[in-house]
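Per-chain residue numbering starts at 1, and chain names A, B, C and D are given in the order in which the chains are listed.
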């Protein structure tokens, strides 16, 4: 029973020992295979244990307290349905990533800076999900940040990476401080840091509001909510690609776990307005994130920004769940929460897949800049195929998994008219519009990502030399692609799997889905709405192949290769293709002015001169300019002023002491 | 030594004193380092024996209670490790000719005298005696700071001396005032200065006198704790003296002064009408923390950087004790121990770094993890620890301080957190510059043992994960005493 | 059993009717400008001719380029098959609700844009980027329309919606009117009709849809053309079944009601086609960067419709 | 105690404060040192008087220490140093004499107010002494912070210590440890300062603290 948790804790322990091994044998050639192999086995084992637990005795929450950590609290760990679900997410991601890294890791230039921290990172995430008291939680949380920071700093000779690492860790500890304050409120002056004690104590409305705000700051900064996202597009791409996949695909989910754990579990009944903030922030994050992604030409940064978008979607539907829960609409709340968790799972699949693909592109061409890529579909057939699947899934297109979860989110939004408060009635559909917008933009974004990178003609010599990557990487990507499809056509299974979580957090669940005819999903009632990924997939497959069959049966087979149409001119150079920037231009025209304060200036040459005309576009990261630069400026100002105190004469220092003494004595003299 | 059978207490006083005498007269200066080490080790053993031997009853001059035993053991331990580090450090200084043989003899003798002074300060039960001891320790460090005789060193020492002796005077006046407050109640004579007597009768003392006294004591000893705005001597003294001394200053001497402040805080807390020491200490703590946090940004000298971080942490500790209550006091004690270990470890690393790179200028040191992995990663771990990141000990204390403060006085927690974050940003910025990037500066391998450094870090790490039960009980008891 | 049959009939009738509809529109447009115009069955001929022709494939075209036409066709066809035309409550109607249908069209567009970029000419790029820009505004508008419908009918299931809209308790609602206008605007944009796009032009710089499929030829082109015909039909039947649900038979109802339904359906299509033709001859194509305003208006209308619903509810 | 003894003690203590004031407006080093010597003498007297009225004989020792060291040895030594280092003889003040005096008066009143808050049942002599001692200490600090010249800072520091001695002797029955410690701290202080002056002589041409301050560790 409680041995399950102990067994699970062996996982992180083993990972940490692996980390030590990696530190010891970092430079050795075999170390790579050893470490990643071990990480794969351990993650798989943990996965198996969790599966076994869920199969044998679901609903039970074994716990264990070790005499470590905070003395009078001890290090408590607990495996309830929520942690079980996130354990699955973490270790599934961990296992696949390790599989990928078995191949990808060989290209690592500085393995001794990656191998020790990679397992530590995994261990940290596992521990966060298992922790059952504030201290262990924060310790693992910050340890996770620290390990990932070390991984970001792996290629530290690059100035940009160093900057990314610094900003990342500062933001991370900012988030930790916010969480610390939140837990401080929950624990109260007596300092009862165990989660069950916090559950028992119900904070007042003011305190609850403060905790919610602090959680948005703390978990939000780690997950990448606007405007706390600034570090994310810097740090995630800076790490080696498999680590980027972990950070973007898994670590952000751990942050979401933290948010759910505190806000849905520890905080008790939410106030009706608590949902509004989360909804609005989520919607804004989704749109801004994907707009930034669209403007990005660096493949990995584009993916990082799209992570921000998905986080926004998840938070929006969490906010929805909060609103429903607060208004005693458990079934709707369960629907929204299920949608959020489902999207968590899906995003961990396709974002890892896409980062793996980016890594494959990086290893085979050495390029991250899409403007120098193109035509890779001919060089990397398999990679491009799985990457395409990733793109379809993340663009929320049926019949893949991204659509299934977003469809659930929309279904949840459609329950909003039943909400009593006017504010929510109005806000929820508006947020729905934002989500729809972000979904459409996501499709645009990934048309760009795939089209510019893999389609068209090669834009640089590096692409000409590119060749398909190793089997390990391909296997990992194929596995994830398969997951994307399966979760897309059999969503019912996942939804039922999530029922125990919603039961424990909300007290209600979505109706059983597997019983439905043809495995279709019916959130409320069939007359109301239903979707059947399997059937849609089947129809498309059948009709497509039917069409193909008839065509090839009855129509001509003749096919001739020719040069592309160039308005009658000879074949233009590849540079004449549409570039990433030009592809994004229409959307930049539409949204840029308010999202980035984008300004286009055309410099025409003087009449008669032969110089080219120039079009210059300058865009700003508004959040950065509004929030971060002023703070940096203020600190700079203060340091400049205070720094004079280092250069006073001894007499002046004495004067300081003297004045301080006199002031204190005055205070005392005037003391009542 | 009034009325003990043997003892540990006598030992931890006489060993350093004797060693100092020997060292002063020691002909062969090469041996001095080893003698120094041995003496420190013996002192440490003696201090450890305090656990096993039954505790002597408090006499008129000496006392061993739960409060100071923490400090004594910590003091002697760091004293020993520092002496080990100092051996290799000083050898290198001798090669480079920055120090001469006579300097060396003087240095080691002074080192032991300083240890004597600090131990005496801890075990003294007599506020007068305590005062003498603290001043003895201070003055010896003044001499050591000036030992290089460079302009900067002299200037630092001079600054230290002037500010220090003003502090001396203020503290003494405070002590006299305490006596005068006690004398009508306790009666004339030595008894009116015996701490264990004072604390019992404190309730009946004249509150007004006590309040004035506490202000003078807080300023007097606070000067040595390095609280802003009394801190001015601290950064330069750390930066210009030999690194072992910097380690001892940050790791130990600050604690000595802090210990004195705590003793008198107890006295004041026992007298209800007197001003509450809490608000004063909280204010000074926050001031120091935030001030130091900002000062960290513009630092160019690596040792001065960490000196300011010491000010910052002293601020946190004083803040914690000012907050009071079991959690905050526990955190304060823990933080103090962790800070001593971590900061001295950092200074060990910095000492070696400055020696291999031949400079203390931050801008001229780059990519240590590439050029000297051993040192570089030690520095990384040290800074990570001092910045309060897990899984190292300071995280636990900061966790307790911040969370308990926010639960009790939210508005105090905000500046606290801001200060911590600002300081963290500065440290991380510098660390990134020092430890990462294209290596720059001397590439010569280090010929020094990493043992002291890494043993400290290992202890800090262990404490962050697991605090042994007895230690906890003991801390909790002391936290209880501190009220 | 009957339902299954009806479903089948529906699927193939959609397939067969689509070219006819286009032919009809073109004929009417020609007439309106006093031209003879091609016969109504011309689209069928075009398709057959294209099928017979050989495919000229650009050197750089990849497998994606060749697969895309079939995928587009399949996605669009499936989507169309799920929209009630003359009978609601179809066998497989629960396989996808309105949101899913929109998304299916979205996947079709996704592939079309990719195919446009595959060859690596600037035309494909232009077309693709403009297409996604238009879509990025049209899709949210469409979803908001779906919201307001769902809020009225309490479902996103087309059959239910249609049934509800047929029922008397709908009444006359401002918001429904707004949604209708928005839906029409979206439909125009989605089908690359005037004034958003000119289906007849081949002036590269002004075209969107045509630019994407510029490299297609032969059977591939046929597939894509057919898909776009079906798409037009789909939107018309969508409008028909949601806003003119009269005469819509229920599957499993008797043959005569089915016949009535079929007749009504053809009538509706004819009317809508007529309106479309008249509208298209009346307006001129707008600049590409005016399109966002056009669609923005649709978006606003849809949102307004959704919000007004609450007001009308509360009254 | 009888009025007269009290008055004498009061008188002596008061005159100490007065002399501290005199120090405030000295503008030449020698004069300053002489005034300090006077300060020390009066201190010795008052300590001796305390010894007499408390008939605590060990206080005579303190008086002697004060007389010998502070009134004779140190002034002479300082004269020597000044001659040897050839310091320019007049003192640059950081703050004008007038404001300094005003500040001094303010400090004295402050110390009075503070000490009068002390509960009356404490022995009045002690209270008076404390008040005076506190004002002497504050005035000594004031001298230190208003003079740029190192020697005058040293003098200011020592007058501060005089205040301490006064307070200590005022405290009835305070054990000898205090006087010894005071004396010995002064001794240490003097030695170390002497050492410093020598080192400084090696390096710089002046003991003006400002010259030291040019060598601050971090220069911008």
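Here is the rule we use: a contact is a pair of C-beta atoms (placed from the backbone, for glycine too) under 8 Å apart; a residue touches a chain by one contact, two chains touch by 3 or more.
What you are looking at is a predicted structure, and each value in this text was computed from that prediction instead of being measured.
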Leftover contact groups, counting everything except chain A: B, D | C
Contact-richer chain pair [A-B vs A-C]: A-C
Separation of chain A from chain B, taking each centre as the mean of its C-alpha atoms, in whole Å: 44
Chain A-chain C separation of Cα centroids, rounded to whole Å: 35
Centroid spacing, where centroids are CA-atom means, of chain B and chain D in whole angstrom: 31
Cα-centroid distance, chain A relative to chain D, in whole angstrom: 69
Chain B: positions in contact with at least two other chains: 158-159, 162, 166, 212, 235
For chain C, residues contacting two or more additional chains: none
Of all residues in chain D, the ones touching two or more other chains: 114, 117, 141, 144, 153, 209, 212-213, 216, 218
Contacting chain pairs - touch in the sense defined above: A-B, A-C, A-D, B-D
Residue numbers on chain D that touch chain B, as the complex places them: 114-115, 117-119, 121-123, 126, 130, 133-134, 137, 141, 144, 153, 157, 160-161, 163-164, 167-168, 170-175, 177-178, 181-182, 185, 188-189, 192-193, 196, 199-200, 203, 209, 212-213, 215-218
Residues of chain C defined as touching chain A within the complex: 51-60, 62-64, 70-71, 73-75, 77-78, 81, 92, 94-97, 99-100, 103-104, 106-107, 109-110, 113-114, 117-126, 128-130, 132-133, 135-140, 142-144, 147, 150-151, 154-157, 160, 204, 214-215, 218-219, 222-223, 288-289, 292, 299, 302-303, 306-307, 309-310, 313
Chain C partner contacts - residues on chain A that touch it in the complex: 374-375, 377-378, 388, 392, 395-398, 403, 407, 410-411, 413-414, 417, 422, 425-426, 429-430, 432-433, 436-437, 439-441, 443-444, 447-448, 450-452, 455-457, 518, 520, 522, 526-532, 535-536, 539-541, 543-545, 547-548, 551, 554-556, 558-567, 572, 574, 576-578, 582-587, 589-590
Residue ranges of chain A in contact with chain D within the complex: 646-647, 649-651, 654-655, 658, 661-662, 665-666, 668-669
Interface residues, chain A side, partner chain B - complex: 67-72, 134-135, 138-140, 142-143, 146, 153, 156-157, 159, 162, 165-166, 169-170, 173-174, 177, 180-181, 183-185, 187-189, 191, 193, 635-636, 638-640, 642-643, 645-646, 648, 650, 653-654, 656-657, 660-661, 664-665, 668, 671
